[in-house]
Structures are given as structure tokens and as C-alpha cells.
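Next, two complexes with chain A in common: one pairs it with chain B, the other with chain C.
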Partner chain A sequence: MVFKRVVFLYILFSLPIYSFEFRKRINQDPNIYSADDIRAEVKFGETMASKMLSKYPLSENKVWQRYVNAIGASLAATIGRAELKYYFAVIESEDKNAYAIPGGFVFITSSLMKSMTNESQLVGVIAHEIGHINHRHIVKKLNIRGQDSMMALSSSLIGGNTQSFRTLMKVALNQGMKILFEDGYGKRAELEADATSYYSLVNNNYAVSEYSILLKDLYQDLENVKVLNKTHPPAKKRIHYLNKLLRRDKIESTFGKTNEKRFSKYFNSFRS
Partner chain B sequence: MKILFLFLYSCLAQEVYFKSLKGKLLAEPKPKSNVISELKRGDKLSLVSKKAGWLSVEYDGKSGWVAKILTSKKPPGKKVSLLNKKVDLSKKARKRASNFSSSAAARGLMPSKEEIEYKMQSANKKALKKMKEFQISEAKALKWFLKE
Partner chain C sequence: MKNVLVSILTLFVVKSYADFEYHKNTIIGGRASGLGGAYVAVSDDVSGAFYNPAGMTYAQSDSLSGSANVFQINKSTYSQAIGDRDWNRDSGGITPNFFGVLKKHKKHAFALVYGVTDYYKEDQDESYQNITNVSSPITLYSLNLHTEDSVMLIGPSYSYQVNDNHSLGLSLFYQKRDYQQRQYQHIEFSDASDEYTYKNLIKKEKAIRPKLGWQYNLNDKWVMGLTFAKSIVFTAFNDIQQGQKSASSTGISYVSSSNIAQRETPYETSLGFGYYKSAYTLFSMDLDYYYATDNTKVDVINLSFGLESFVNQKRAWRFGLYSNRSNSIEPSELTTAPIEHVDLYGLTLGHAFYTPTSTISVGVNANYGRGEAQIFSSSSGTTTLEKLNIAFVLSSDYGF
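Then we have the complex of A and B:
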């Protein structure tokens, strides 16, 4: 009898929760993305990536591109969004930085590549950028949606004529570039992406400490600090966060491989 | 009564999906723990409990742990391609000019069609094509990655 009452009360109180969930879905939950939304993200990302490539040329070093693509595709296969095709490239730039563009486009600058000393650091950097794409940091900031969505950027902001659309596309692209080079994704988003690096490194038995060393080195370069501080939290905060995760999971600071041998094989070709 | 109980249990049981191309169901929440079973992309896992960065799950009648980063709440989707469907973000846009476009035009801030066209064309499509050609198959890359 008591059990029957418990079951009855459970059903009675759980029904409003389920109905609320249903209502949320039909009203377009901001966290639900349709195939059309994803296609819009890819289309926007392609345009933004080609703009990026008009600003920074691709590195001519084929070995470099092959290595970054091999590591990138492996990480995309494990932690990436299955519906996206990921593309990776090394671009020529004096800034030591890496960039993630919606739709699966990841760029690493030649100067950042030269700062690395092992594979663990490269894995950390690429996983960080995949983290930004996984969390849809730019997509959410700019509200990029497909044509079927009630929340589409196009339907919520512009009129139907082509010129208005082009204007909006231009504004959105400029805003996207401003996020990459001036405003950044925000400190919380950067730590979220660092968490993706942490879990990728730990799950593949790589040394998290090496990623921390790279972060420390990047922020010690006074010229580069100006660039990084505009868009990222201070190194101290990022390293502190990684150490906190290591302590929580009881992982020793010496844990993990660096794959220096494989790294050297690919890197010697362009260091000389 | 049993049927009702099973129905309620199935309603409550949360499911997650393995999104990594391949991976392992582990005995403990540690990367180097013993392997209970091999997993592949799309495998449905019943969630038992959560621990920082890890999920305790049931799969194929076996209990074990998977790294949370390798799972997703929704089934992994197929690769999205722009080849088969034309994406037109403006198709369903409102038919009247928005506040944004009309006020911009009134103030003379709206760039001309030619100007916008020029900016759009300044995108380096050739380099993008080259970047896409660098792409390596995920399965092939993962095999190479796990070799070391």
C-alpha cells in the first residue's frame, strides 16, 4: 500500500517536469542544434577561415602540415563533434597563438610551433582549440543558426533583401574576427577549453605538465603577452586551474609521455 | 507492479553515447586501468553514476568506466556536408527591412553592394581549398596516433 502511494506520488510530481522538458524542446531549446544549424555553422566557418587565410598565408612546410593534421585528426576522432569535418593548418605569423573557427577549422601559427618542444604540448594546443569548437563559443556569441530556426541570426536581425543579408554576414564575420584577435572568448570559455586539453592529455597518457610549461613560456615572452592577454586569462590562472585538476584526480606532476622522439622526427625538418 | 516498476526504471535510466571512433570500457576511472570491453562510435551506454571527468556506465551487460570527454548526450551525427544542400541564411528572413538595415541606410552607413562584394571576395578560397587537401582520414590518423 505504501509502495503504491510512493509510485503514485512519484508519477504525480514527475509529470510537470517531463511536460516542461517537452515544452522547452518545442520552443527551441538554445542548446538543441538542428542539422540546418550545423550546416549554417560550417558555411559561416568556411567563409571566416578563408578570410583568416587572406590575413595569414599557409606555411609552406608540408611535413609540418602533415604532422599537425595527423595529431589533429586523431584528436577529432576521439573528442571532436562527430558531425563535423575538422581541418588543421599551420599559418605564417609572428604571434605565438592558435585559433579555432566554427565548423571545425583550427589554425596554429608558425611562431607557436617553433616554441614547442614535444608532442604533449602540440596535443594540448590542438585539444584546446577543438574545445572551443565543441563548446560552440563563437556560435553562441554570434547566435549562428540555420534558416529553419526561429533563432536564426538572419531572421532575428536582418531584412530579407540580399544586400541586408550581405551586410549582416560582413558584420558577423567582423565580429568573429574581433573575438579571435581582440576580445577573446572570455576567461570562462578559455578555462573550458583548457579542461578539454587536460582530459585529452590525461586520457592519452600525455604529460599535462608539458602543456603548463608551454603556457608559462608563452607568457614570459613580453611581446607575446600583449597579444595573449587581450584574449586569454593570465598564465598563472590557467596553470593553477590545470594543477587543481591534477590534484583532484590524484595525478602526479611527472605523469605522462611526451613523445619527444616522434616530435623531433617531424620538427627537425623545419628547425634546420 | 513489476511491469510498472520496470517502466519507471527505464524512464529514469539516462543514456549517453560513445562519440570517439573507438575506445575502451575500463574497470576503474583511470586511463591505464584494465580493459573490460572495446567500444566504438555510437555505442549506447546506460549511465549509472558520475565522477569528475568519468562516467560509470553499463554496456552489453557489463559495468565499467568511460572518460566523459569521449561521450555525448545525443547520438553522434553523420558528417555534415555542404555539397548536397545549398545554405542560404537569408531565405527565411523577414520581408521588411529591419531596424538595423534601415537606420544604417538612412545614415549612409550601409556599404554599397560592390563594396561588400569586394570584401567577400578578399577571402582566400584557394588557400582554403589547399587547407582542406591536408586532411587525413580520422581512422588512419587514430591508428598512427595510438601506435606510440
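Then we have the complex of A and C:
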């Protein structure tokens, strides 16, 4: 009798395993966002972008801004989220870094621009930031939602004009800025964003190797590496990941254009 | 000739709705009630403690849930029960029916639930004048009837996900039933004689109700659920006090008795299937079998079907069909009043509004049945009985 029970249980628990994920209903999918959620994201992003610009002013070089916007817009058209309008800008900062803000705002520091040598690198950087926005890295960390989230409850019910809303917004903004400048998105999120760079570079026939070179250079800068190490995985790991993708897709390391001439045309004044 | 009229005095020793004649009088929980109670293979929220505790482990988060029949209407019509007039028993009220909290920890889910699984309250103050088409004409017939019956369950529930395919669960409820019926009937005949009956009936019962459940994901679309349950009565108290005066006498006869006879409860098993067609659409079906252990009851099979369809991420419609069959034996020449046998068939409709952390469900649950009732103590004759019950359901869940 005991033997039969053991056999029965063995058979029962040896049956094929099916993930129970299929039981989730559409309302339980955390990756689905409503129009209200997107509005909340954009509203939060606008405020955060304002805060960013109050800290780091826009570069006054209109040629750079036009160029970054042109590259950014063409990338956003192919890899960006259709529901967002993207904004790209160069900001004045000594840090060599770029920032993605929810709602479609991408900022590249003037110091990082000066470190670049070709268009492949610029495309890699912009695509990386678009990747953060696409994956909603800050949105998810702060749980910015159109309803019921801390932010949304205030914005949707009281229109964002009360003291409590302003307090909540301030807290969330501070958390967002802390993610950008201190905590980072997390190593996994950075690799996800690097994957976006990789696909954008490959699909647009740009050299992935140039983006890897930029990463390597940035991490060799002793001043800058302190900043990067706080918020990003080590360069070695990121470059290894990009190489792994190249090998997987059987793409030569020499693959792709750099558009160095066009880049130089726009950026001569930048480096002066 | 007054025999028939005297029989009217005993007519109202009829069953109340919440008697244990049915097994599915109240459908607990907002989502489950929308699905017609077909929830054994779903039960992935705190109300799953009542349907299949094994499903609770699939709840998305800790939650706090409550639901209520915000308004319910019950109507029974005994055809031509008073002369050629129908006797209608109408009642309505508000019934809080469920509250529960669920806490998840990895593959474990714990819940504490409270539910009123059955509730009925009836107040009747009626008088009928000039009933002439009976053997002895009646000048005035008055009836005052108050019935209140409730079944409450409270207890913990536990669920464990053995692996991606299997989960097990156990609910252990303390069950308490309180029943009270008071009735006063007075008949004035046209010859100036009169008779009356006063009756007070109390039943109290306490039981332990374990419910064991299992769920199995057959593949990436189908889920099967299986449960076993039985209420084990450990204490009971029945009391009756009755006073009566007949038309032919001036004295009042009085009877009072009590006992502690415990009710035999059925063994209950439920088999359910859920078909998760997509993230938007879910079909569910339950088959409930109640094996009677009391020879005054019969075995019952109930079926229920549910459909849940999401319009979008925020809204979903739910439909349900179910049977709620009587476990009472059929009235016959061998039976004595009061006996009723009416199988009920119901439908449910619900609409749910979702936000990322909360759900509000509204719905309606209606059932109808037509059968036979034996209500005259001095006769084996039967009358047609129709039952209609409608409940409006409001439910709220908050996940955290």
C-alpha cells in the first residue's frame, strides 16, 4: 500500500512542468502600461528634466544641439517608443556621462561629447539612453503609474496643485536624481541598455567596436571612472557583453561605418 | 370542515431559505460570484480559501478583500396555498458575506477569512380578509413571521506551491449556525370562533469544517482543481416552544422541548477545470458532488460555468451559470410536511474595475426554480412552489 502511494506520488510529481505564468490575467501583467501611466511618466519626466537643466545648463552651441537631435530623432524613429516624443540635448558638465529621463528626455554632457571621435560612438551613447527609457528603468524603480501609485494618486485626483502633491513629487524627483547620479539603474539595466546600443549600431550599419572603444576610454579616465563605477558595471564586463553579442550574431569586429568625417564637421568647434 | 383551516395554522412551519436544503446559497467573493462560483480551478485570491485553498499560492500579492451582497431579494410563491390565493414569502436585506486577508511568503500563502456563507432574514406581517372559498369561511387571517438564519465561517487557510505544476491547500474553519423562527398566526372564522398558534424555534450549531484542496496545471492552458470537505458538527442545540388554541376549545395547549441532536452533514467533493485561453479570456467549470449521510437528504450534483473576459487592462466582464439543487427528498404520499423540493438555476453577471493595486467588482446573481412543496400537515397534497432570488454584489480587493 505504501509502495503504491509512493509510486503514485512519484508519477504525479514527475509529470511535465508547465510554468504557471499563463495564469496571470492581463491586469496582472506589470509590463503593460495604460495611457494614464504614460501621461504620468511624461509629466514626471518633464519635471525631472527641468530639475536637470537647472543643475546643468544647455550647451549654447546650436550646431551640436542640431546634430545630436538629428541623430537622436532618427534613432527614436526606429527604436523609440511610439507613444513618446523624444528630446535630445547637450548639457554643460565636467562629468563624462549621459542621462536618460523618463518620458523621452536624453541628455549628453559636453565632456562626454568631447571624448567621442566618431558618429558610431554618438549613436551608441544615444541608443543606450533610449534603451533606458524603453525599458522604463526609472519608471519601474519608482513605480510611476497613472493610478494608485504614490505619484498618480495625487496627480490624477488633485491635479498636482496641492502641497501634498508637491511633497510627493519632490521626494520622487530626489529619488530619480539619486538613481542618475549615485545609485545607477543597476548592472542588469545597463547591460539591457547596451543591448539596445548594439542592435541600433548593427541595424544602422555602425561600428560596434567604436562604441566599445569609447567605453574603454571613459573607464581609463581616472577622474571619470569614479563616477561611472558608481552607476555602471565595469567596462570590461560591458565590452565583453558586446563582443559576446557580436560572436553570437557572427558579426566581424571590423563591421560597420564610423561616419568620422560628418562627425568632425559638426564637432570641430566642440573640441576646441 | 375546519380541518383544512386548521391545517393552515401549520402551513408556516415551512423551511427557510438558509436551511441546509441547498449547498450554494451565497457565492462568496467578487470574482467567484461573477463566475457563477466556478472557482475550484482558479481560486487565486483570498476567497479561494472557501473554494480551493490550493489556488491561493498563485495570488499576485498580499491582499485585503471584502465583498457584500449589497442588497438581496428572496421571493417564494406557494400557489393557491390560502384558499385560491397564493402565499408569497418576500424578504430582502443587506448581507455582509466575506472578509479576508492574504499574506504570501515565497511559495506559501496564508489567509485568515471570515464569511457568512448563508444568510436569510424574513419579516412578514400579513393579513387576509374574507377568505370564502374554503370549507369554513374566514373573516380575518393574520400572520406574523420572523425568521433569521445565518451560517458563519471563520478560520485560517494555508496554501503551498509544491512546484510549478502542483499546489496544495488546507482551510480549517470554525462554523457557526444560528437559526431562529417566530411565528404567530390567528384565524377569525365567520362564525365568530377563532384559533391561533404561537411558535418559537431555535437551532444552534457549531462545527469544524476542514477543506483540503489540490490544483494541477495540466498544460499551459488548462488547470484542474480538486477539493474535499466536510462539516463536523460537535455541538448542537434545538429548542421549540409552541402554544396553540383550536377553534373548538377555549384552552391553550403548550409544548416545549429541546434536544442536542447533531445534524449529519454530507461529504463534499468538487472537481474544477479552468481554461486560460489567453491573458484576456478565462473559462471555468466546476462539478460539485454532495454525498448525503442523512437519510432524509439526497445526494446532489451541482454544475457551474464561468467566463471572464477582459475588455482591457482595467475592465473585465464576468458571466456565470450554475445550478443549486435541493438536497431535500421529493414530496410524496409517504412524506409529511414541511417538505419542499425546488432545484434552482442561476446566472451571474459581473463587471470588475482594476487599478494596479485594487479591484472593485459589481455584479448581480439571480436564480430561479419551480418545484413542489408539501405544506399541509393534514394532507399529502402538494402545491407548486416557485423561488426567485436576486442579489446585488459589491466587492473590493486591495493588493499591497
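Some points to look at:
Note that the second predicted complex is superposed on the first by the 227 of 272 C-alpha atoms of A that agree within 3 Å, B and C clash if a C-alpha of one lies under 4 Å from a C-alpha of the other, contacts with A are read in each partner's own complex, and residues count from 1 in each chain.
The rule we apply is simple: a contact is a pair of C-beta atoms (placed from the backbone, for glycine too) under 8 Å apart; a residue touches a chain by one contact, two chains touch by 3 or more.
Nothing here was measured: the structure is a model prediction, and the numbers come from that model.
In the superposition on chain A, A:54 makes contact with chain B only, not with chain C. When the shared chain is aligned, no partner comes close enough to touch A:247: not chain B, not chain C. Looking at the superposed arrangement, the partner reaching more residues of chain A, out of chain B and chain C, is B. Of the two partner chains, neither chain B nor chain C is touched by A:237.
By the touch criterion defined above, A:226 reaches neither chain B nor chain C. Using the contact criterion defined above for the overlaid structures, shared-chain residue A:34 touches chain C, although it does not reach chain B. Of the two partner chains, neither chain B nor chain C is touched by A:216.
Judged by the document's definition of touching, chain A residues 147-148 lie at the interface with chain B and also at the interface with chain C.
Chain A contributes residues 12-13, 15-20, 22-29, 32, 34, 145, 147-149 to its touches with chain C in the complex.
By the touch criterion given at the top, residues 3, 7, 10-11, 35, 38-40, 42-44, 46-47, 49-51, 53-54, 57-58, 65-66, 69-74, 76-79, 81-89, 105, 146-148, 152-155, 157-170, 196, 199-200, 202-205, 245, 248-249, 257, 259, 262 of chain A touch chain B in their complex. Considering their complex, residues 44, 58, 60, 162-166, 217-221, 223, 276, 279-280, 282, 308, 310, 312-314, 316, 354-359 of chain C touch chain A.
The residues of chain B lying in touch with chain A in their complex are 1, 4-5, 8, 19-21, 23, 31-32, 41, 52-53, 67-70, 72, 76-82, 85, 87-98, 100-102, 104, 110-111, 113, 116-117, 119-120, 122-125, 127-128, 130-132, 134-142, 144-146, 148.
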